[in-house]
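Presented sequentially are two complexes of subunit A, the first with subunit B as partner and the second with subunit C.
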Partner chain A sequence: MSAPLPPGVSPERMHDALSKITRLIGKEWVFTGDAAESYRDPYPLNNDPDRYRAYGAVAPANVDQVQEIVRIAGEFGIPLWPVSRGKNFAYGGAAPVLSGSLVVDLNRMNKIIEVNEEFGYALVEPGVSYFQLYEYIQEKGLKLWLDVPDPGWGSVMGNALDHGVGYTPYGDHFAMQCGMEVVLGNGELVRTGMGSMPGNNTWQLFKYGFGPYVDGIFSQSNFGIVTKMGIWLMPDPGGYEAYMISFEKEEDIEQAVEIVRPLRIGNIIQNGATIRSLVLDAAITASKSKYTSDKGPISDSVAKKIMADQQIGMWNFCGALYGPEPIRNTLWTAIRDSFAAVPGVKFYKPEDRKNKTDILLHRAETMRGVPKLTEFNFLNWDGGGGHVGFSPVSPTTGKDAINQFRMVSDLVRSYGWDYLGLMAIGWRELHHVTCIVYDKTNPAERDKMHEMFNILVDRAAAEGYGEYRTHIQYMDRIAGTYNWNNNSLMRMNESIKDALDPKGILAPGKSGIWPKHLREGRES
Partner chain B sequence: MKRRQLLQILGLTPIAGSMSHCVLASELQPGLFFYDQRFDQAISAVSAIRDAIAVDADVTTVWQQAIRPELGSKSLSVRGLTTESFHFCLKTLISDHARVQSASLERVSHDLYLWSIATQPYARMEINA
Partner chain C sequence: MKRTISSAVLVAMLLAASSSTASELDAGKAIFERECIACHGVGGDRPGTLQLGITRGADKALLAERSDLSVAYIRHVVRHGLNSMPAFTPAGLTDTELNQLAAYLTQH
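So, the complex of A and B:
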């Protein structure tokens, strides 16, 4: 089946544009037909193979080529969909919102331009993965730690731009970015913050420069293509210890989160810790068939069997202590004493675990910045291998945590799936990330998932909970929930879009932001 | 070895509704074979395969220690009887470093998939516009 063309673009026009790009970057870096199959979403949530499908992909080697590709796309009216490494799985991967777009694959731009041990930062290109940066730091013997999200193959820059999180004290990735280089919609190159001053040497040290702080508008947006980014790295803390605190009952999440809040805001809990549900943790090391052959959500008796087998609770709080031993001991005493108030609570250190493959042993590596792919294991819980993330944000209160948990888990279970969720602890907010695992080979499951996801978005919005990140299929819907004052934020975003990308070629539809020529008549 | 022969040796039958386009074994050179040691069905199925490598669902160590050092200038053939995510992650990692010449995936039980990936060193791809 031939790939779809973008709206208003003829086959001849696309061919002419691609021919120009081919002359620029070489034919080996232009992918169409079967060679572009890897740019499809591996976890689609609809049954139309042409929806969210790129026409092809182009892979520039440097910033000059990115600028020229943008100019060519502007000349021919070709929509571009830039990806850093295209590993944003469960949110669409490398696939575009607008079918027929050309993916601008920045994988080849994978230079680690600088790693500064003294100040603790790196300056990287989009194609640099967590694996790559980790290996670089290890090989050089630098006393720096990475902060990694769950999958280690993603782009350091791309994850930060999409507001991804990790699990060390540097877990808010976009908060740790400092200084960008961006190609705008007309091909012009901009450096933000101190990077705009020739000869300045604080580009990766001071975020704000002079005048408006603009870095944020290039995150989760389609206002430019970021080609360099500074990211702060944590100095080796001089000591480290992971721990896990497990809770017996689902309703314990309310009390646990109330205890978490003052500890996190006061920095007693130092890192981006997580409170993870029973099945999410169980699925890291086992599949459902180990415990039951019953269809549908697991029963209470099966849950108890899993808890005993895996030494885990209905909820499991994985955290870590960073620093020299006296500091760690002091913090641990405060944390342990606080949680001891919860009936049935259990405390574990890695040496307390009985199984060789174990959730705490795995999380202990992640929380010290070791990139892995272990979390993909949970996709196999019920055999089908597909997943999507539903990620509303709430205050760090027990009331909100239990409310969100019930709202999501009740619906997910009513559709016949198990609840696999986690509460990622930010400074003052929770990301409630529910990983809904479905059979990606089954079209009926995709339809069911789509139906349920829409209900989840609407119910969350009705309760005042907004998602922080989403799959490409739901960007319009979720953007539509941020509609205060007659959609004034979206109208402002559209004004910025029209000013910075007047031809409307950069990532149409990203985060619900469409260029002017594609706004009218579009389904709301 | 033909695919049918491989399935017979493994004592496996594709389940209804499994993914199509399962090719391979016939074109493949002998190579690494991974099986998920957590499943009895996988353990018994691979008893006829010499030097099959036991894994669990996590591909990280396999990738870093067994596969990645082998990629680069030579072709590689890997097969497995594992969970779906093991295959997905391995194929995705391999695709970043080499050209996938052929690949197949077939669901043979609720949890297990029989798969193969054959690579060539990265080759130039033709524009198909």
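So, the complex of A and C:
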């Protein structure tokens, strides 16, 4: 089946645009037809194969080519969908919101421009992965630590721009971003912050420069294509120790989160720690068939069997201590004494674990910035291969934690799936991330997932919980929940969109933001 | 004049061919280690190895030790994905690199 064209673009017009781009970057970097199949959403949540399908993809080698591609797209009215490495898999991968878009695949722009050990930062292009930057730091023997999300093959820049999180003290990736270079919708190149001052030497040191701080508007947005970004790296802390605290009962999440809040705000808990559910942790080392042949959510007796077999609890708090031994010992005493108030609590260090492949041993690597893909063992829990993340944010309170847990887990289980969730601890908020694993090859499962996801969005919004990030299929819907004062935020975003990208060619529909010519009649 | 290939020339050609193959295999191994090993390496913490062990059996779990893979199959899986494995785009893994990877994985 031929790929769809974007709205209002004739085959001749697309052909002419691609001819110009081909002359610019070479035919080996222009992908259409079967060569563009890999740009489909790997885990679709609908049954229309042409929905969220790119017309093709182009892969520029440098900033000049990105600028020229944007100008050509503007000339011919071709929508572009830029991706750094296209590995944002549970959120649509490299697939565009608007079918017929051309993916601008920035994989080839993978230069590590600078890593500065003295100040602790890197300046990277979009195609640089966590694996690549980690290897670079190791090879050079630099005393710097990376902060990594679970997908180690993801883009350092792309993850930060999509507000991804990691698990060291530098876990809020966008907070650690410093200085950008951006191609705007008219092809013009902008450097933000101190980068806009010729001859400056603080582009990666001071975020704000002079005047409005604009970097944030290029995250989760479609206002420009970011082609360089600074990211702060943590100096080797001089000592490190991971730990796990497990809780026996599901309702313990309420007390545990109440204990977490003051420890985290006070920086006694130093890192982006997580409280993880039983099945999510069990799935890191085993599949469901090891424990039961029953269909549907696991029973209480199976849960107990897993807990005993894997030395884990209904919830497992994975954290780490950073710094010289006296500091670590002092922090650990405070943390341990605080959590000891929870009946049945258990404390583990890596040396306490009996299995070679183990949740704490795995998290111990992630929390010291070793990029991996181990977390995705959870996809093997019940087969099927597909997964999507539902990720509402709430205050770090016990009441909100158990409310969110019940709201999501009750619904997920009522649809026949296990609950695989985690609460990522930010400074003052919880990202409650639920990974729902489904059979992506089964059309009925896709429909079921779509139905349930919409209910989750509505129920969360009714409780005041908004998603921080979502799959391309739900961007409009999630954006619609941020509707205070007659959608004033979206109206402001649309004003910025129209000003910076007047031809409306950059990532139409990203985060629910549509260009003017595609906005009419779209309001639901 | 009838053309003949001397033994010395033939040996040189064979050496050149085997050298080229060895270099292709080396490149394929490097690509496997860069792109694939995080999922398909040795150990229970590798999602691809775990999945293949479940779905195909322990003797088929490790890709680098398989003898039943074909170039066409590898090319298809890499470009289209399979089960939870997503596809690799031709900008992230070029066709040349994919051919080298396939050569490495089908050498047995």
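The rule is simple: the second predicted complex is superposed on the first by the 523 of 524 C-alpha atoms of A that agree within 3 Å, B and C clash if a C-alpha of one lies under 4 Å from a C-alpha of the other, contacts with A are read in each partner's own complex, and residues count from 1 in each chain.
Rule of thumb we're sticking to: a residue touches a chain if its C-beta (ideal position, glycine included) is under 8 Å from a C-beta of that chain, and two chains touch if they have at least 3 such contacts.
What you are looking at is a predicted structure, and each value in this text was computed from that prediction instead of being measured.
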item: Simultaneous placement of subunit C and subunit B on subunit A, clash or fit; value: clash
item: Contacts of A:T32 with subunit B and subunit C, given as first, second, both or neither; value: first
item: Touched partner set for A:G266, first subunit B, second subunit C, both or neither; value: neither
item: Partner chain(s) touched by A:S19 [first = subunit B, second = subunit C, both, neither]; value: first
item: Which of subunit B and subunit C A:R40 touches, first, second, both or neither; value: second
item: Touching partner for A:A59 - first (subunit B), second (subunit C), both, neither; value: second
item: A:A94 touches, of subunit B and subunit C: first, second, both or neither?; value: second
item: Touching partner for A:G141 - first (subunit B), second (subunit C), both, neither; value: neither
item: Partner chain(s) touched by A:S287 [first = subunit B, second = subunit C, both, neither]; value: both
item: Which of subunit B and subunit C A:G199 touches, first, second, both or neither; value: neither
item: Doubly contacted subunit A residues - partners subunit C and subunit B; value: 28, 31, 35, 38, 42, 87, 107, 152-153, 284-285, 287, 289, 357, 372-374, 376-377, 379-380, 383, 385
item: Parts of subunit A lying in touch with subunit B, wherever the complex brings them together; value: 14-15, 18-19, 22, 27-28, 30-35, 38, 42, 56, 87, 107, 152-153, 284-287, 289-290, 357, 372-374, 376-377, 379-380, 382-385, 441-442
item: Contacting residues of subunit B [partner subunit A, same complex]; value: 17-19, 38, 56-60, 63, 83-86, 88-89, 92-93, 95-96, 107, 110-111, 124-129
item: Interface residues, subunit A side, partner subunit C - complex; value: 28-29, 31, 35, 37-40, 42-43, 57, 59, 85-87, 89, 93-94, 105, 107-108, 127, 131, 152-153, 284-285, 287, 289, 356-357, 362, 371-374, 376-377, 379-380, 383, 385-387
item: Partner subunit A, residues of subunit C touching it in the complex; value: 34-35, 38-39, 43-47, 50-51, 54-55, 79-81, 83-92, 94
